[in-house]
Every structure is written in C-alpha cells, then in structure tokens.
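Order of writing sets the chain letters: A, B, C and D. Residues in each chain are counted from 1.
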C-alpha cells in the first residue's frame, strides 16, 4: 500500500513557507504561528509514523518511489528504517521546539522562519531519501538556509562563521558528489540505495584506480564528506565557531540534527555500500573516535565561553558514537564473530546519535536562556545563579548530568553500549577513551560550579527565572533523556533489526579477503 | 615542386612572424592593424600556394579572396573604432588605453 | 544539395535578414524621438524568426550549399539558444537606460547581423564558412562593445576587442591554411577523412595547425590563455552587451569547437556517439589541462574583484572551463552535458547580468560595496540574485547544479583516467562559492534591513522572473530540457 | 514473584517515589514534605526488619533468591538485570534502612529552617534509593548505575550549601575523584563482560569457575573493579575527597560518608571476593592496610571534630579492605555492619555537638569561631550528657574494647591479617598496619572525647548558651549508642570474646573461585590466630586509650610540647601528608594546563594558523615569486584557504595589466607553451 506519509513529513514545512508568503512581513505573530503549526503538524505526522512503524522488520518501510528523471535513473524515492527513524522523529521535534526557542527573533522574522522551515525540509529529506541523488540534493539544500541563519541572525563574528561553515561543508559535499557519480557509473547506473547496497559490494570488488582499491577511494571521499559534518578531528574547526555565532535555535538544530547527518551518512552509505572497506577503516575510525573524545573534552575543559564548551562537548560526544560504529568489525571472523559486541556497538552509536540530539539541544537551549538574560556567556562571569534561578539550575543540572553520561540518563546507555561493543576489538583505545568519562564530568561540573554555585554575583541578584516558554522547550527533551535512560529498549527495539541488517551487510559482503 | 612550395611556406611563416611581432610591439594602433594584415596575408599566401602547388581545386584561391574582403571589412571597423578612440583620448597609442584592468 | 534547394531550409536566416532590413527601414523613416519603435520591430522580427526556426525543426541531417553548412538538430539547438538569449537581451536593451542617447536602430541592426553570424557559426562544416561566420560575429560584437561612443571605457574595450579579435582570427586563419595544405580541402568531413589517411610524419603540422585554430576558438569561448580580452571588454562594454557576449557567442563558439574537434580531429569509434582522437594525438589531454587552467584562473581571479560586473566576467571564464571539461572525454554524454549546461548557463548568467543592469540603473554602480544591504532595499531582486548566485555556484536545487552534475557525470563516466578532472572541477565549484557568496553577503549580511529603495520595476521584475523560474524549476525537474538536448545530439555526417 | 523480591522491589522504589514527590511538589506540601521521605524510609526499615527477622528465624546461610528480567535485548546482545537476595543483602539493607532512618529523623531538627529543606529530603531519598540499588543488584550494570547515582546524591548533598564555595568545590571533588575510580571499575566491567558475555554476578562467577576468564585478565578485572571501591570507599590514593565531603550537613556525613555510601566499596569487594585472584587480593590488602594506617596518622592532629571522624572513617574502611585482601572477607562485612552503627553514631554525636555549638555561637554572636573546631569546645559533658555517653560507647567500640561491637569485628580482621602473615611472612607489614592503626585509633578517639567533653570550656560565654539535644536528635543517639554494645551482634550467644552469633551463622565465607584461600582453611587459620590476636588487640587498644588519657585527659604529657618537639611529623600529619597539594601540582594543574594548551592548539593554532594560515604561507611564497599582491592578505578575507586562493588569484590577476599588447604577448606565450608541451 502506498502511503505518502513521508512526503508529508518533507513537504509540510514547504507548505508553511508558501503560507508565509501571503502574510505581510509586519505580522510577525502570524508568521511565528505558521512556523509552529507547520513543524507541529510535522511532529504529529512523525508520531503517526512511529506508531505505524513495524519494528520487527529491519528493512525500509513506507516506501515511496516515483520516477523523477528516468533518463538518469533518478527517483523520488523515500523510505524509513531503523537507522533513519530516530532522526526522522527527532528532526520535527527539535524543529518544533526550536520555533519556540526563536520566538523572540525580531529582525526580519519572515525571512528567518521561512529559511528555518526550508532547513527543516532539507534535514528530514536527508534522512528519508533512498536515492543518492535525492539525498545529495537535500544535503545541499540545507546549506543555504544555514548560511543565512548563521550569517544574518548570529553573533558578532557571524559572517566569518557562516562562510566557514558553508565552505567546509561544501568541500565535503562535492567530494561526495564525485564519489556518488563514481558509484553510479561503476555499479550499474543506479542511485537507488537498496540496489546500490547489493550491487556496489560486488561490482567494486577488485576494481583498482591508479593502483588504489576503488572501494577505498570512494570510501575516503565519502568519509571526508561525512566527517566534516560529524565533525571528526581534524575537520572540526568550523563547529565551535558556527555554534558560538549561531542564534540559539540554530545551534540546537546544528548540534541536534546536522551533526547526525554525517554519522547517518556513514552508516547508510559507507557501511551500506562499501562494507569491505569497513574492515580496513575500522581501526582508524576507532582512533579518530578516541581523538574526538579526548580532544573535544580537553578543549571543552579549557573554554571560558559556555556555548563553546557545549560545542566542544559535541565533538567529544561524537567520538563515542564513532567508537561504537567501529565496533561492528567485532562480528567478523577475526574477532571470533562476536556479534554481541557488534550489536552493542552499533546500537550504541545509533542511540548516541539520538541522545546527543536531545541532550545537546537541551544544553544549547539552556545556554541561550542565560545568554538572553545576561547577554554574555562567560563561565567566570556568573556565580551563585542557583539562588535566583532554582528551576533553571535544576533543569541545567539534568542537562549537564545527561551530558556527562550519568546513569539513568539516555546518554549513559549509548556511551556504555558503544564502549561495551568496541572493547573486545579495540581494547587499548577504549581504555584510553574511558578517560573521557572523567573529563566529561570535569568540564561540565566545573562549569556548573562556576555558574550556579558559590556566592551570588550581585549583578544577577534579580535575574528573572526561566519562563514558561523556555521550560516548554526543554522539558520534553529532559523527559525523553531520562525516559530513554531508564527504558532504552523503547528506542533500541526500533532500531535493533536494522542494526542486524547493517551487521549482516558488513559481515557477509565485507569479509571477503 | 615541393621545393618551391616550401619557399612559399617559409615566406608565409616569416610574414606571419613579422605580423605577430608587429602586433605585439607597435604602440600605434594603425601599425598594429598593419601587423594584423600581415598575418592574414601570410595565411592567404599559404592558401594560394597550397592550391597552386598541391594540385588541389580552386577552394584555396576562393578562400584567399574571401579573406581579403573580410580583412578590408575588419580594417574598416577597426579604423572606425580607432578614430573614435582618437576623439575621446586624442591619441591612438594603445598604451594609453589601459584603464580597464585587473 | 545545391544552392537553390538549400535556400528552402534557410527560412530562419531569411527571417533574420528580413528583420535586419525592416529595422534598417524603420530606423530611416521613424520618428527620431521614439527609439523604442525600432526595438519593437526588432523583437517582433526575432519572434517571427523564432517561429520560422521552430517550423524548420530538423528530424534528420542534411548539408546545404554544397557541404558548406549543416542542417541538423545540433545546430538547431544552438540557434534556439542564440535566439533565446538575443530575445532576452533585445527586450532588456529596450528598457535599459544604458544606451540612452545612442541610436538604437543601428544597435538592433548590428545585433541582427551578429545573430546571423552565429547561426552560420553553429552550422558551418567548412573552414571558409567557419571563418566567415566568426568574422561576422566578431566585427559586429566589436562595434557593439564600443557602442557607447562617448564613453572612454566602452571605447577602450572595443579597441582591445578588435585588436585581440583580429589577432586571434589571424592565428586561426593561419592554422586553417595549414590544415588546408595538409588535406587539400576545406570541408570538415573531407579534412577528417584526409587526416585519417595522413602519414604520421605530418602529425606535427596537424598539431601546429590545430593549436593555432584552438587559439581562435579559445578566444571565442574565452578559454585560458586566450581569455585576456574578456574581463576588460566585459567591463567596458554596455552591460547588456556584456551579458549577451557572455552567452550567445560563447554558445556558438562551443558549437563550433564541438563540431570541429569531433568531426575533424576525432574519429567515431564503436556504436553510439563516441570518438577517439585522430592518430591518438593527445589533444584531449591538452583540452583537459586547458579546462582546468581556465576554470581555476577564472575562479581565483574572480575572488579578488571589486566590481560585480567584472567578477561575472571572470566567472564566465570559469564556466567556460567547466564546459570544456566535458570535451576531452569525447563521448555523447560529454556533448550532452555541454549542451545542457549551456541552457542552464544562459538562464542564470543572463539573470545575474540583468540584475547588475537593474542595480546600475538604480544606484549607478556595479561595485561590491554598493550592493550593501541591497537584499533589504530591493527584496525581490535580492532573492533572485541570490538564486542566480547559488545557481552559478552549482548548488542544488538550481539549474546550475544540474548542469554541473551532468558535466561531472560525463567526466566520471569516462572512467578513472579523468577522475582527477572531476575532482579539480568540484573543488573549483567550492572556490567559486566564495565570490558568489560575497554578493549575497553584501546584499543581506551587511547594511541595514530597515532601508528601502524603489523596486526594480514591473518590466525587469517580469524578465528576471522569466529567467529565475526556470533556474529554480529546472533544478527540480529538468527532464524536458534533457529530452530537448538529447534530441539535439545528432550532428551532420556525410 | 518471591516475597523477598517483592519486598526488595518495594524497598527499592519507595525512596524513589519519595524523591520524585519531593523534588516536584515538596515545597508545596505541608511541613515541606519531610514526612514523605521519612515515611518512605521508615517503611523500608520495617520491610527490611521483617526480612531480617525472617532470616533470623531459620538462620540459613544459603538463603538465596534471585529475580531478573531482560532490560535490553538486541538479539544476541542482551542485558539482564535484577535483584539478588541473600543474607548479605538483607543485612546490608537493614543497616542502610536503619542508618538512613536515623539520619532522616536526626535531620528534622538539624536542618530545621533551611530554605531548601524539601530539596534536602529529596536528595536523602535519592541517596537511599541509589544505595539500595547497589545492595540489591545482582549484576554489574545495575551496580554501576546505582554506584554513579550514589555519587550524584553525594555530589548534591555535599554541595548542599552551595553558596559556600568550599562546599560546592567539595561536592565536585567528590564526584570527580569517584569518577577516577569508576574508570577502573568500568574497565573491570568491560573485561568481565567481554569474557563472560553477561553482567549477572551468577554468570560472572560461573565464568570464573569455568576458567572463561583467568590469569592476568582476571587479576586486571579484579583490580579494575577494586578501583571502583578505592574511589567510593575512599582508599589511598583516592581518599582525598572524603574529608572534604564533611562540608555537607552532618546527618549526611553520618549516613553516607560514615556508614553506607563509603561502605559500598567494601560491600562490593565482599560480593566479589570469590572471583578475586591472589594477586588482586594482595593489591587490595596493601591498599587497605596503607589506608588504615595512613588515615589514622592524619586523624591524630586534626582539630575539626568532623575531620577527625572523617579520617577515622577512611582508616576503618582501610581495615575492611585489608580484611578482604587477607581473605577474611566475612570479617570485613562484619566490621562494615558494626562500624556503620558506631561511626554513624559518632557523627550524630558530633552533629549534636556542632548543632549545640552553632546555636551557642549564634546567641553570643561569636561568628569568628568555628563551631566544628574542638579547640573551641571542652566540658560539654555537662551540657550534653546523652550525647556524651552515647559517643563514649561508640568510641570504645571503635577503639576495640571488649564488650563493644567494634572489638568483635576488629578482632576478626586482625586475626585474619595475622593468619595471612603467618603463611606469607613476606607480608608481615599487613598485621603491622592493622595493629598500628588500632593503637592510633584508640588514641585519637580518646583525644576527641577529652577535647570535646572534658576539662574547662574554652569559651565559657558560649558554653553558657549551649542547650541539650532535642528529642529528634536524642533518639538516634540513644538507639545507635546502644547499638555499639557487643551483644546485639552475638545473640543468641552472649560471649563477649567469641564473636559467634547470628551474624556468623547467617554469613558464611565462600570458597574463592580464582585461586584464593578456601573458606574452611581460612576459618581454621583465623581460629588459630584468634587468641594471640585478642590479647594483642586488647593491649594495643588499651595502650591507645591510656596514651590518649595521658595526653589529653590528665595532661601528663603535653601534646603541644610533642608537636614542638617533632614539628615535621606534626606538620605532615596536620597537612594530611600534603596529598592534596601534591595532586594539585602533579595532576590538576598539568591537566588544566594541558586542556588550555589543547584548546589553544585547536582554536588559535590549528584553526587560525593551519586552516586559515595555510593562506599566509602560500602568500609568502607567492610574494617571493614576485607575483602576489600582499595587500590582499589583510583585507577582509578571513578564511585561510580562501586567503591562499585570493593571493594566488591576485598573482594571476597581475597578468591582467590592461595593456592589450601584454595580453597578446601572453596569448602567444600560451600558444608556444602549448606547442612545446605537445612536441615533448
């Protein structure tokens, strides 16, 4: 049965943009309401999707396929499986919340929300596309609104940050374009994800270009493209800058969704089409994960700007996911076919993607709350805020402890699974990365101490408490974080069968040498 | 026969070289135009020589005729532009016409 | 086919000639105060020509005038491109203030003759015909570039154009003469046949000849190192003319270059449309390198421009470089990609130049600095300019991306030997982002959103919309254009 | 579901419910909701008492109930979690419930009027919940989770008075120090899981028994797990957080930092004893022994009453760990129980003293004086008689005087070390640590009692204002003070020296699965060592008492003179052997410096110099070539690659001179270059 629920998800924000066009730009209230309604409806559709999703299957569901450009075998092809479902749920939710986070945007409101909705479409499209070309188009579509959103509504260095973001990601995506075309022509002229995952591993077998394995060349091209988005050291320097300069809502989206696209792309495309190279690259991936963990944590520890701290914590958190992803090789014969570990690692990575989405979103929203009031983010510039803002302090504590991986919160489960999965294969690397557990706690607690504890900074004696709108944007995320921390199976049941599909792909097709 | 052809070709090549040299070195716009004429006529010489010695049909001659006509037209247009330049700049030194750059 | 018979296939050309004559007559007898009258006649004539052209759509290939001119879908496509861009430019000139105070009658007449020249350029399959056509186009464009007689800049640009043009065509002609000498004929196919049987010892002369010829062609499409005239002429010429020069003659040049390199310097191999170079001469590699140099230079120098118009001039060099990428692969896909790119390029490049015209009309400047806050002052224009800029960069979902996509696809399809070319190409697109984005940055990120300025006016709004809509829509659905291009891939073969 | 498991579930969830109610609605409830938490904890006390009673009825040491469910199921990867109910669990649950109840009740008065009263009770409930998790867990995962949650509640409660920078800092220090240990713990878990494929203790033990994990790996896993205990039970070298943790409210110190939370490490080691290899045990023993002696040495010179008790706790925990290491792990658990009672009582006593002092100081407006400093006290016996007698009982217990509970358990531990040393003479230091610590413990506790309660009050005006402890404080003091008597641990036996009784019958030593000592053999050895140990330990304890009396009671020996005589030693002890300072120098500062450096490296160097400055270098080269335009560098362009490209573009742009003949020259040059390239 052909349903168009996925198309609804993609095009609802566009409908919002169209509706906005008929509103004069002075009517900011109406524009905001339209944005809220569009993303709200989208969230609602996503929930319907969740309710109808059959988690006992690991394959794509709700498939939609239409010819787009038949001559080039390009299709408008959508589908959702366990890898994308979490992000498909998270994207509308965060977008919806971000609308409220940006409720106070006064400058060129119409443009802001129109671009925001366009961004929304691009993001969800990336997760739903089952056609490489479509995927690429959505991938790029996000860049433009992101550029404007950072560049026009950002902080003092916004132009620099915006262009840096744009250039960085464009470098990655054009490499991806080349890889995509190379795949297309070497693997039976198709962009279809499902077909490619079958043909690519066979057709590329043994092909060499300039003495290099074609699989590895394509892998590296794609990997760079995705690594920039994740971001993986040493391609990460756009991130702190973009985060610091972007308006709060955009930081939320950036950290919550955009970073996940890199990992999603790797799992979907690198792992799906080039399983053989997974074996070759897993070690590097784990090392990069380790570097991300330690480097991100150390940088976060050194920050004086709270938002930058949170930004670096993103780098740190992505490292855990990379470790988990690398763990998939545990399922190989050389590691004693430790499917357990592969499942744990991959589940950890996917879960971490989702969790970082909720947790970092929370963190950024909270940073925004205090920034709106104090107009600065210097960690040293506060002190004793727990007194005037007890609720804010409490919520922030939840977010910080979620960030440092406290058990009972979802972040712990995903980090734990990643470690458990990666440990049998990468013992030393994992042992070194456990240092991250300590450093995580160190930078979060240190920041918390300086901001909320100690004698009250008299400047902020009358700082207003977090208001209802702001609470509304954080509480759902906190509930999800704690809920999934206690009942992670709610999440993992959705993805586990797809994880098995990925593992099967990697093991059966990849371990040929 | 080939021997005499190569003489023509050599002369043409020399003409061509002289023409290019003139275009590159003369400051006077008119002189540059003359350089262009040299280049064109070098080609003409080639055409005619090939047609004559190559035992080919008359298309070489025809080509040369057309080139002569076009060269005249080109000269007319170029002169018009140079006159115009003179009106504006009171010089026909091409060195002076270098405000559009970089 | 003999000359008399051939004339029946010449309907569009007749239409053009009639248009020119009508314009001439109207210009003589019209009311001196009303320049627009001529323009209206001219546009009407172009429309008639277009109808004639559409009525004359070839479904097979023929050669006319004793193998001097081809009548094939390939040339038909280019005629359509030329005519389309001419229509846009003619209409815009009608409403531009740039040419205020100059007689429009002659302008349109010259334009008409230039179109005729381009028609012949894209159809010629004879060295002589090609030379004549190129010269016709050149001579008229010299005059058009210098049309602002009282403007020193326009003057200077015309002078440079004429000297550079004459020089290049001289080189080309000299190359032609060698080619003629080597083969004893001027017909493309006869030349090709003769070259195929040529003694390899004469390949050296072939190389010299083809490089000299390349200089002439390269000048037309402004490929490095024959591009030097481009920025200066583009800057000095009236913007409408610049816009036109950046599209129509370039397209015609590509038509000629494609035809020449595929018909003369390459032989078809296997089934379908694929070629290999004659005697395995390494000119495809040479073209690949020229393409890389062209796009890189165009992009890098464009980075440093302070004038939007001049930036667009360099960008047009870069785009020529992108298109050249698809030549060395010598495949049908390559030709297809170039043709498709030309369509997209026409839309976005004309659009960008027209925005420059509007801005020039409004604030009398084409400097980056003066674009500050323009997106707020003229919202509609800003959005369209942004679209054109992103399209020129090649970001989806715009026409520019589709064009680039096919180019890269053609290159990559040719196998791993040209992957490096594709890589250089994509990296160049990243570089180009920087300067295109500078326009956007100036328009939106700088300046005060509160300011307003009088809008572009209904006329320009509609013209720009006509260009912008397809620029966006073709990025989403380009199958019809692709089909159109696919049907135009048929080149005349004897 | 078994009734015990149901009880366990109730005990587990009741405090959680109380926590949730308190944190969200506490402030709006009557009495700020303290009754919710107190009610919950009293219920757990009732339930655990019932369980203990039922165990006492049939005295079956093999009592064992387990229930688990699948928490996560990814196909082949599964995590099962659940509860384990055996005699150890039940006893521990009872101890936790008892001390926790006492703490809840004590706090009613102690925390009266605090603006965050309900938050305080919420945290207490959270702690009880987490602690019960540790006790009930039958698997490493729930253990680790609860372990961390205990850390969280400790963080929250230590930093409860967050306006005080030292308190906030102490909370963070506690959490981070614990995390250091947790890294080892975590690695231990990873090693265990990787080898046995399960988190359940059952499977772990089976794996060790079957040899799935053995040798160095097992030793490492054991040491890893032990590192968790080192952190939580504040062993050297991670002992630094516990004394600072005294910044928290005193009932919290009594509950967590004396009796339960810090005992969690010992509890874990007791649980895991069978899988610890002899090598791992040796590490455990030495760490414990060193801690016992080391901390007691520091306690001698401390003047803050709570600090003395804190170091005493560290020392006693060292005892327990030492016992585990020497194989006498039942003795360790026994000491854990007795210590929980008397040490928490000592804390409540000190709390009572501090409370009284605090109010006294308030009334006399002597804000310059520290209510916790023993040098400001003296003679309090007269004002706080109940507190005094209760504390004396507990002091005698901790000193190891017969007829008090501490004697029984300490005696067993010392017997264990002696027995161990008999068989491994190389490790003769272990009993030395033990007996040495016993001597010093007796000494500094005597010192504490004398300084606080005897002699003349140092500040009579404050003294005059001191009031006796209110009922809510007196109740716990009475109960727990009584609990320091030996007889509660030996029933139905009343032999004050034998140690056998319900406890010994309920908790039986199990054989090591990893090559450690067998239970029977160990029991026999300890039996042999019993008599000499008893004599020696009584002697040592008495010596300590007498010495303390001499120095602080009768003042025959002047403490000040001694301190002057051995200034180095005094300073070392007074400054806690400078461990904090050492760590600051060797660890924190370098780490922060490293972080700053990496941060700089990342932001100012890598990004600005390499990514951005990629351009600067190429520009320089380009300028050297003489074509590039240097001005371009500083203008606007910020991105480095961009800067490079712009510079290169500038070089190329230079070609565009505006002179037509240059163009032609260049074009010709181009043609020639192309020609040449084709020729060659």
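In this text, contacts are C-beta pairs under 8 Å (C-beta built on N, C-alpha and C of every residue); 3 or more make two chains touch, one makes a residue touch a chain.
Keep in mind the model is a prediction, meaning the values are calculated, not measured.
**Q** Once you count every C-beta pair in contact for both, which comes out on top, B-C or B-D?
**A** Between B-C and B-D, the larger count of C-beta pairs in contact belongs to B-C.
**Q** Among the chains, which is located farthest from chain B on the basis of C-alpha centroids?
**A** D
**Q** Averaging only over C-alpha atoms, locate the centres of chain B and chain C and give their separation in whole Å.
**A** Distance between chain centres, rounded to whole Å: 26 Å.
**Q** Where the CA atoms of chain B average out and where those of chain D average out, how many Å apart are those spots?
**A** Going by mean C-alpha positions, chain B sits 96 Å from chain D.
**Q** Could you state the distance in Å from the CA-based centre of chain A to that of chain D?
**A** 36
**Q** As a quick test, compute the distance in whole Å between the mean CA positions of chain A and chain B.
**A** One centre to the other, that is 65 Å.
**Q** Note the residues in chain C that touch 2 or more other chains, in rising order.
**A** 159-160, 163, 167, 171, 231-232, 304, 434
**Q** Any chance you could list the residues of chain A touching two or more other chains?
**A** Counting only residues that touch two or more other chains, chain A contributes 163, 167.
**Q** What parts of chain B, by residue number, touch at least two of the other chains?
**A** If we look for residues of chain B contacting two or more partner chains, we find 20, 23, 32, 94, 97-102.
**Q** Name the touching chain pairs, please: which are they?
**A** All touching pairs, sorted by chain label, are A-C, A-D, B-C, B-D, C-D.
**Q** Which residues of chain A touch chain C once you look at their complex with the stated criterion?
**A** 68-72, 107-108, 136-137, 140-141, 143-144, 147-148, 151-152, 158-159, 162-163, 166-167, 170-171, 174-175, 177-178, 181-182, 184-185, 209-210, 214
**Q** Where on chain B does chain D make contact in their complex?
**A** My answer: residues 20, 23-25, 32, 94-95, 97-102.
**Q** Sort out for me which residues of chain C touch chain B in the complex.
**A** Answer in residue numbers: 127-128, 131-132, 135, 138-139, 142-143, 146, 149-150, 152-153, 155-160, 162-163, 166-167, 170-171, 173-174, 176-178, 180-181, 184-186, 231-233, 235-236, 304.
**Q** Under the stated contact criterion, what part of chain B meets chain C in this complex?
**A** Listed in rising order, the residues are 9, 12, 16, 19-20, 23, 29, 32-33, 36, 39-40, 42-44, 46-47, 49-50, 54-57, 59-60, 62-63, 66-67, 70, 73-74, 77-78, 80-82, 84-85, 87-89, 94, 97-102.
**Q** Along chain D, where are the residues that touch chain A in the complex?
**A** Against chain A, the touching part of chain D is residues 23, 71-77, 141, 144-149, 152, 155, 159, 162-163, 165, 168-169, 172, 175-176, 179-180, 182-183, 186-187, 190-191, 193-194, 197, 591-592, 594-600, 602-603, 606-607, 611, 638-639, 641-642.
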